[in-house]
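Presented sequentially are two complexes of chain A, the first with chain B as partner and the second with chain C.
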Partner chain A sequence: MTAELPPGLALQKVDERIMTLNVGPQHPGSGHMRIVVQIDGDYIVACDPDPGYVHRGEEKMAEYRNYITNIPHLERPVIHDSCNVLYPYVLGVEELLGIEVPERAKYVRVIASELNRCIYIMYWLAIYGIFLGHSTMFMWPAGDRELLIDLMEKMTGARVTHAHFVPGGVRNDLPPNFEDVCLRQVNYFEKRIKEYAAVFYDNPILISRTRDTGILSRQDAIRLGTTGSVLRASGVDYDLRKKEPYDVYDELDIHTNVMKEGDSYARSRIPWLDMIESCKIIKQALQKMPKSGSVRVKLKPNPKGKNETVYKRVESGRGSLGCYVVSDSKPEPYRVKLSVPSFRNLIALPYLLKGEKLGNMPSVYWSLNYWPVEADR
Partner chain B sequence: MGTATGIIRALNSGIKHIATKRFTLRYPEEKLKFVGDGYQFDPSTGVGIAGLKGRHMLFHDHCTGCQLCSIACEGVAEAIAMVKVPDEQTQNKKSIMPQIDYGKCVFCGLCVDACPFYALYMTNDYELSSFSKEGLIYTPAQLQVKPYVAQDSEIIISDRGATHG
Partner chain C sequence: MSSDSKKPTPKPAAKKPQEKPVEIPAFEKGISDKIVEKFGDKIEVAFVKKDRVRINVSKENVHDVAEFIRDGLNYDHVESVSGVDYPQDKEIEVVYHIGSYSDSSLERQILILSTRAQREENPIPGNDATKLPSLRDIFYSVEFHEREVFEMLGVYFEGHPDNRRLLLPEDWADLPPLRKDFAIKGR
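This part shows the complex of A and B:
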């Protein structure tokens, strides 16, 4: 019996210097996934990320529900960024149903999605801080996140998983006096996150741990298909809000933050700079928003899509997030496919960890802005 | 910037925060203030009214037993079941009304959007925990009761930082 085994199943030669280590899926530093690391002493020789522990079948579920009842479950992959996860689906369905969204609803959506981006990044930053043993950086973002969660709660009625966006606009109008409250809390939030520089980003201990670890070159970042903060940290100026503006992003002044280093430090700094940028976008949107008007187009019950396919993508908290919807003139979509940034960024992990010390693994891994549930869908 | 200066700056930034106010909400003693009376929906305009999506409130004198809320929930959580009610209403020929299982409900509010008769709204009540699974099932009679929700603190921003006042 000398049948050729496929490469993945072939037995590996045992080397007495190399040890295989399973990090996860129960390890707190890995998220809901396993990272198989091969180490020689303290240095990582090879690494094989193994996602798939939290697969929920969101895409299959979407085939049995109509365009409206798909909303609550499609935002579950990233509950802290639920507006942005739902955004491409809603944009796609609007094109399939041929709906024009009111101007005010577009601004409300931009505000909601920018607030959600900040909420997501704050959660990510809190975990990044505790991964590196910096407990102040766990407490501060977790506390300051409350300012924005409070705004989302006033706006949508839920602290996470808002189910706020629908094809045709948003579910409800802003509460009275929201603009003033939002401006006050966002201004304070912006002041607070700028204080993180002294305690975290300019801290020599953080810099010595993350500078020059896990370097992703510009060419590799493009070749591996990374997106979002990982791509921008490697010196590629790419932001879908600017390159392919959706809704009213073309009317707003957006600055893209780019860093050239491509190391863990750059990847952890870019989301923080993005948050400061988001605050500016929210303030612009509040100023330019029409003061009154409808926020939702009335739909027929069980709307049927055209016999078409549509692909839409938006810039989420982690990078470009696409949604491909196939319709066959029925109330339910024929197929919904999510193209998620987390999965695309995870591909870079084996390249980044090769030759690193095992102690640097958490900082490199979490700097990829990875969300396990989103990658598994 | 040298290493020592950087560390001193970081420590100094932390020490400065001793003077700021505490932001933590002391939850069971203080409770958050919400806007409005909970999420509501106006079927004539097709737009909702902002508010917390909490426990539902059912108006027996409006409910016609049309089952639209139950149908809306089918694809989401299957939390709504239509049950017989003893009291007779003129508009409700079949005498059936929704019963909601909060062990399954995801508080998306799509049932409120589905109701065309102004019968089902959501309230600010979010403290629904129970010692048994049966305790989470709210019958139409329980849903009729308007809850009392304590609302005492809001985020207040001053020179000494934000706090739940």
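This part shows the complex of A and C:
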């Protein structure tokens, strides 16, 4: 029987002791994905993540649209972090078209991408809170991120899907008086998120649920090729904003947050520390930004790329996000590949869950800073 | 606009931009030289740019080259595996983007390792000649990426322990969707 099965399909023996449990895709605790866990009593013996329920073929679609009309749909994988998802693609296309970006646009991009990072992390934090049963931690971030969404709305005109970055700069200049409003809101935001420590991060219940669960050692984090907060929670000091600065990140003073524990607690704390760091970066960028100047280079209609390949990467809210663009001197890219951090971090899930209690699954799973829609593309 | 705007003003941009001498960065050149020294004409250096070195390898040698990249050059993880379909060449290209966390001098570097598999006109994924050796025993991080390339382009990775579908539904019976002959409806 088994010999006739096509590759990719397998028969499985049913064990008397081990129970197979499907978590998701309808279960709210798994996001838009299914996790097949095998449990022995209360302990997980094996876990098989099954993404793909929100696969929309972004990469295929990108081959049929030109470099500019690709912008709105390529940001869809993570609408809360849309500027950062688009960033490597835009940087890559700029290199293919040979465009130099105006100085002011680079600063606007840095501000937009840091605001977006905070917006994404707040949303993730809200979900992390509610799945640990901490509903205050759902309400507070969900409410406070409105501050930043309002800022992005002022800047780009849209609340979540901004489509603000274009090859050659940003779509629109900042509205008048934006700098002052931004500085005021970010100052308040920074003060406000520090209050989360008292209710969430220093909370003994959270600590008891997340400390020493799902430990990822430094070697494993490197070997599995994880990225972003997962990697930095395991003690690897790696942040692309510092290691391979793009746009004007090399002119800003950036501190990388690293923790050595590698457990769920460290993985959940790093994004919060990142937000505080983002606020500092925004304030520096506001100060150093040229007060006037153009923000966009005018492009020819239907620009054609050089016959080259380019791989660019940026640090998104979840980790290093790469974009590989193959051009064959036509207005449309020949191939666009998004190498997304969620997909790269997913490989750690079977590792972390093995030997954990089933009740710890949400805290480990969501601590991976995983966004199912992004992994599926 | 000035008053004599009706005259076609001579375009200042029409001057050909001065061709800069292409300077090859020394550090990246060192990396590619090490690989060339070890493998000679078995490999082809496609380009050496700032922070990026691209190596083209035939599928017979890709495993050995990858092993050398890990052990001899300290690269430790694969960031992305992309499949690119070239119907006119009857080949499918698989591109590995390899980076390093543990070696601080390589933090900015991405080594691009590219290899090509034979392309079948009527693919039977897994049961035709479109096969490549898997790099999973060298770089563990390629596990899910290679599964994705298998379902999206039909490149079977020999030696990969788990070639199941990942993103596509289990009962997908059409062409692998990222092939160029799989057309989007209405276009």
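Just so we're on the same page, the second predicted complex is superposed on the first by the 365 of 377 C-alpha atoms of A that agree within 3 Å, B and C clash if a C-alpha of one lies under 4 Å from a C-alpha of the other, contacts with A are read in each partner's own complex, and residues count from 1 in each chain.
Quick note on the criterion: contacts are C-beta pairs under 8 Å (C-beta built on N, C-alpha and C of every residue); 3 or more make two chains touch, one makes a residue touch a chain.
The model shown is predicted, which means the values in this text are computed figures rather than measured ones.
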So if we stack both complexes on chain A, do chain B and chain C clash, or do they fit? fit
For A:324, select first, second, both or neither according to whether it touches chain B, chain C, the two together, or no partner. second
Going by the contact rule set out at the top, does A:6 touch chain B (first), chain C (second), both, or neither? second
For A:153, using the defined touch cut-off, is the partner it touches chain B, chain C, both, or neither? Pick first, second, both or neither. first
Answer with first, second, both or neither: which of chain B and chain C does A:343 touch in the superposed model? second
Which holds for A:294: it touches chain B only (first), chain C only (second), both, or neither? first
Can A:64 be said to touch chain B (first), chain C (second), both, or neither? both
Quick check for you: in the superposed arrangement, does A:185 touch first (chain B), second (chain C), both or neither? first
According to the stated criteria, A:205 is in contact with first (chain B), second (chain C), both, or neither; which is it? first
Here's one for you: vertex at chain A, rays to chain B and chain C, all C-alpha centres; what's the angle to the nearest 10 degrees? 110
With the two complexes overlaid on chain A, what is the closest approach of chain B to chain C, counting only CA atoms, in Å? 10
Going by the contact definition given at the top, which residues of chain A touch chain B in one complex and chain C in the other? 64
Spell out the residues on chain B that touch chain A in their complex, using ranges where they run on. 1-3, 6-7, 9-10, 12-14, 23-25, 32, 34-36, 38-39, 41, 45-53, 72, 74-77, 106-110, 113, 122, 155, 157, 162
Contact footprint of chain C on chain A as seen in their complex: 6-10, 50-52, 55, 57, 59-61, 64, 222-225, 227, 231, 236, 238, 243-244, 309, 311, 313, 320, 322, 324, 326, 334-335, 337, 339, 343-344, 346-347, 376-377
In the complex, chain A residues that touch chain B: 64-66, 68-73, 136, 143-144, 146-147, 150, 153-158, 161, 163, 171-176, 178, 184-185, 188, 195, 198-200, 202-205, 207, 294-299
Can you list the chain C residues touching chain A in their complex? 51-52, 54, 76-80, 82, 84-85, 95, 97, 101-102, 107-108, 110, 112, 125-127, 139-141, 143-145, 148, 150-151, 156, 163-170, 177-178, 182, 184, 187
